[in-house]
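Here come two complexes built around chain A, the first alongside chain B, the second alongside chain C.
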Partner chain A sequence: MENKHLLDFQNVFYTYDEEDKDSFAVKDISFTVDKGEYVVILGHNGSGKSTIAKLSNSIFVPSEGKVFVDGMDTADEKNEFKIREKVGVVFQNPDNQIVASIVEEDVAFGPENLGIPPKTIRERVDNALKAVGMYDYRLHETHRLSGGQKQRVAIAGMIAMLPECIVFDEPTAMLDPRGRREVINTARKLNSEGMSIVLITHFMEEAVFADKVIVVDGGRILAEGTPREIFSKTEMLISCGLDVPDTVKLSLLLKEKGVPIEGLPLTEEELTEEYLRILNL
Partner chain B sequence: MVILEVKNVSYGYSHGTPFEITALDDVSFSVEKGELVGIIGHTGSGKSTLIKMLNSLLKPESGQILLDGKDINKDKASIKEARSRVGLCFQYPEYQLFEETCAKDIAFGPKNMGLSKAEIEERVIKAAEFVGFSKELLNKSPFDLSGGQKRRCAIAGVMAMFPEVLILDEPTAGLDPKGRNELTAMIENYRKATGATVMIVSHSMDDMARNADRLLVMNKGKLAMDGKVQDVFSKADKLIEMGLSVPVSTSLVNRLNSKLSDMPTDVFTVEDAAELLSSYYKRRKAL
Partner chain C sequence: MIKDITLGQFFPGSSFIHKLDPRAKIVITLCFIVALFLCKNFFSLGLLFVSALVAIALSKISFKVILKGLKMIVILVVFTGILQIVYNDEGTVLWKPFEQFGFQITTGGVFSAVFIIVRIIALILFSSLLTYTTSPTALADAIERLLSPLKIFKVNVNSLSMMMTIALRFIPTLIEEIDIIMSAQKARGADLETGTLTQRAKALVPVFIPLIVSSFRRAYELAFAMECRCYTGDNKRTRMKEMKLGIRDYIAFGVLLLLVAVVVYTSFFNTFSFFIFQQVI
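Let's turn to the complex of A and B:
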């Protein structure tokens, strides 16, 4: 039977301190990620976001509750390898995720561990590097790449495992604006080709393209909805240490000043179009 | 009054290898006392090399760095003087915490300056105030703090030396929006209270638009632009060419201008853009 939900968190609790049961990093979290869905998780530093990432492919198993990956229980040790093939995690610091000195060797590391024939590995590595736009760099040394390039190599390493979902844990926090664009565009491209994406971030503008946004605060889910629904709750976001994208801030200010903007434009393109529309242009 | 002057400074890495890079190429500028200067530039543009020059962690291959008109690399004494008067705070400074308690960690700089015990204590308390640290936090181990608190502890360690020029490399990187705003306010506290000059390296054009008086733009080792925030951001095309961006509001108004052509382009903050777009709308509707 095909499971509709690729990732299914059911009333998950997690504590780093088994002695102190009250100090849960994640409290009663339930949400799902469907095949092909693009989900963004927003939360301030220390809100429990990264714990969620590690719970999603059985790096951590829940203290209470269940996480299912394509119907498989992450707490069941015999599922561990299958789960890690299905769900890959890309972390924040690109330097901690590169294991080899040459780009293509790094990307081949995962599939090599799966015991796949060399010819298939070659194909998978080439395809993965093409998918992230790093094929021309396949023979380059990894330590000479920029941060954004290193992150894309880490993503290629994931893709070579042919996962169905990639969880990004603040993949752009350490990158410059160009690096951030490269990584986010790569995630969007993979999603448009059918990959499920979970993006954990506190850059509000990265949430604009999501199918679903989940706001986490104090280890709990505070809100869940489309980007438009979430960003219309400015006060809630600010009260939990977050913000809205500047374009949304501008749209809201204009409404306050009596400019009849309809709906809630989220991107520069949308706001430009709406502004020209109300000018009758 | 000029406090810091960079005169025709050049520097390169890996000389004599195929990886030779010119990191700084004939860079010159001067900084006034009390100014808040932003440094922007794409990764690899020479920003980090430049700030390491400013308290003699690196020495120019040619050119000079002058502090109050004196060459900071003249002799050992002048290097030592520069290191206590120009405070440098690297990216992710929380990785440099090492002491048993926050108070001891913050005291490390003043101690090395050879201050008396009473003076050191006073400075630790003052620096803790700048970053909003309570007494209780001061006695904790820095390794028991949250990421944001660690960052503030590390920055307090630099502030405790009361540098006349405080230089920070991406101080808000990795922080959430609230943490970013708080830290920016703390740096401003320090500047107001001490009259110090502050230089901030940042990738966030929106933060720069809000906070800096003046921007230095580095590109391929050269100082590509040096001017008021308005002047720099009005050259959006040039910035984008260098792999940089402009604040969201600037970019939006530029976008509208391609259709409307009669909008002023000196808009850098969300508040200014809202003001402009609402008055423009009302004017057009009144016609």
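Let's turn to the complex of A and C:
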């Protein structure tokens, strides 16, 4: 165990069909996530990105290659519990990951499985609900919440296990813009408090705040880099069915037309600032 | 339409009834139902009915909700009442509308109809109070604890209660889904509301098949989500809310005991005539 990454994929292959070894959903994927890092995995449908989520906490075990969580091999059944405590996964459909009918009882489900004493569970549940801003809803019925709220409850359910990393598998795909904002803001807030975040998505806008962006297509890693590096490769992104954020598109167009924009503004704020700078000249 | 079902719903609160131990509530409800079937005169039935009303008042659940729950059984109540009037020939004859058929309404019939109706209403009132004031998870946990002696016979009580929790949790989700599928099929020209009974039953097939398919998908995804939260099916789980019998529960048991004693005494041992209400059955 050389340098311990929190999450370490080493030449991982995975196939859903053991008979047909050529049909790998994930092919030769290697990447690492360190403590406190915010990593975004971009890819469109069928790119193998959801498989990566399930490989990260020993739900799936690699067909070939290794996945290490904090130095523990996910293929080793002994580690299963410790790994799932360290790496939580939030899935796409909020309805299909809520177990109990009442918000606080659902959040308590994970800690209850760990056999923690009741008092500690209570504390953990309250803290987790406060962390996602759902404390006032603790006695509400889960099926009456909005999509974004349900997804935040699911996140709280993970936080209550005190993980070091949360993997989000397309958490916003089924939400309206408002719910999407709620979830992404929650993820960013958790990250600012030291939690590692892996966000798997096909929404470009959500990749802007990442420390590292990984682009996957056809089960392979196509590119890896900072958001600025990735978004400057517009053609590559479009070739694998992805798009660049509107702000990036706009600044590239302006550059093309001869507007002297320096660097590559990613957010609206950055673009506005850059534009004001140019106007002031 | 289907969304209006209030039976089996939970209304969070902090009343005396809400705070009772769920195990106590289940046992008390069962005893109350037994008492309802033991009682044989209007005095004790009235007593039980009034105590059901008092329990509802204590639970602070709005009377509107209770009435809504009762609406569902109107047909059952009316039907049973009519049957009693038709088939009971005891007592003096009040009215002979169709003498040639031997049909007559007697005092015995009217008494027993009223008796049965009050009995059914008291039954529904009291037992729906159980689900109105107890969260499904608490209910499942309580049943698990009450059934735990069955572990001697190798019955997996833990899984049973988990199944119950999940089933109750998914009822509203599936009802919502039925609504969506029905709308989708109607939009495609399906006729779900006219035709003979068999035609309408056949028209429901394209509603239930997608529902079943999607339930399996949900189950599959839920299983992943539960695994992510360290559920294995045989781990020793702890609970956030410990169940402890308190003074409240003993008071409730005391009141119940008193009621049962009165019911049994007046129904089986009463030789005094100061209970002016006549015995019915």
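In this section, the second predicted complex is superposed on the first by the 276 of 281 C-alpha atoms of A that agree within 3 Å, B and C clash if a C-alpha of one lies under 4 Å from a C-alpha of the other, contacts with A are read in each partner's own complex, and residues count from 1 in each chain.
Just so we're on the same page, a residue touches a chain if its C-beta (ideal position, glycine included) is under 8 Å from a C-beta of that chain, and two chains touch if they have at least 3 such contacts.
It should be emphasised that the depicted structure is a prediction, and the values quoted were computed from it without experimental measurement.
> Is A:G258 touching the first partner chain B, the second partner chain C, both, or neither of them?
Touch partner of A:G258: chain B, not chain C.
> Go through the superposed model and pick first if A:N57 touches only chain B, second if only chain C, both, or neither.
Touch partner of A:N57: chain C, not chain B.
> Quick one: classify A:I278 as touching chain B (first), chain C (second), both or neither.
A:I278: touches chain B, not chain C.
> What is the shared patch of chain A, the residues that chain B and chain C both contact?
Comparing the two interfaces on chain A, one with chain B and one with chain C, no residues are shared.
> Show me the residue ranges of chain C that touch chain A in the complex, using the header's touch definition.
Those in contact with chain A are residues 10, 12, 135-138, 165-166, 168-169, 172-173, 176, 217-218, 221-222, 224-232, 235-242.
> Which residues, counting only chain A, touch chain C once they are in their complex?
54, 57, 59, 81, 84-85, 88-89, 91, 93, 95-102, 104-105, 108-118, 121-122, 125, 139-143, 154, 157-158, 161
> Which stretch or stretches of chain B touch chain A in the complex?
The touching residues are 42-44, 146-148, 173-179, 203, 205-206, 243-245, 247-249, 251-252, 255-256, 259-260, 270-271, 273-275, 277-278, 281-282, 284.
> Using the touch definition from the top, list the residues of chain A that touch chain B in their complex.
43-46, 92, 146-147, 170, 173-174, 176-179, 202, 204, 238, 241-243, 245-247, 249-250, 253-254, 256-259, 268, 271-272, 275-276, 278-279, 281
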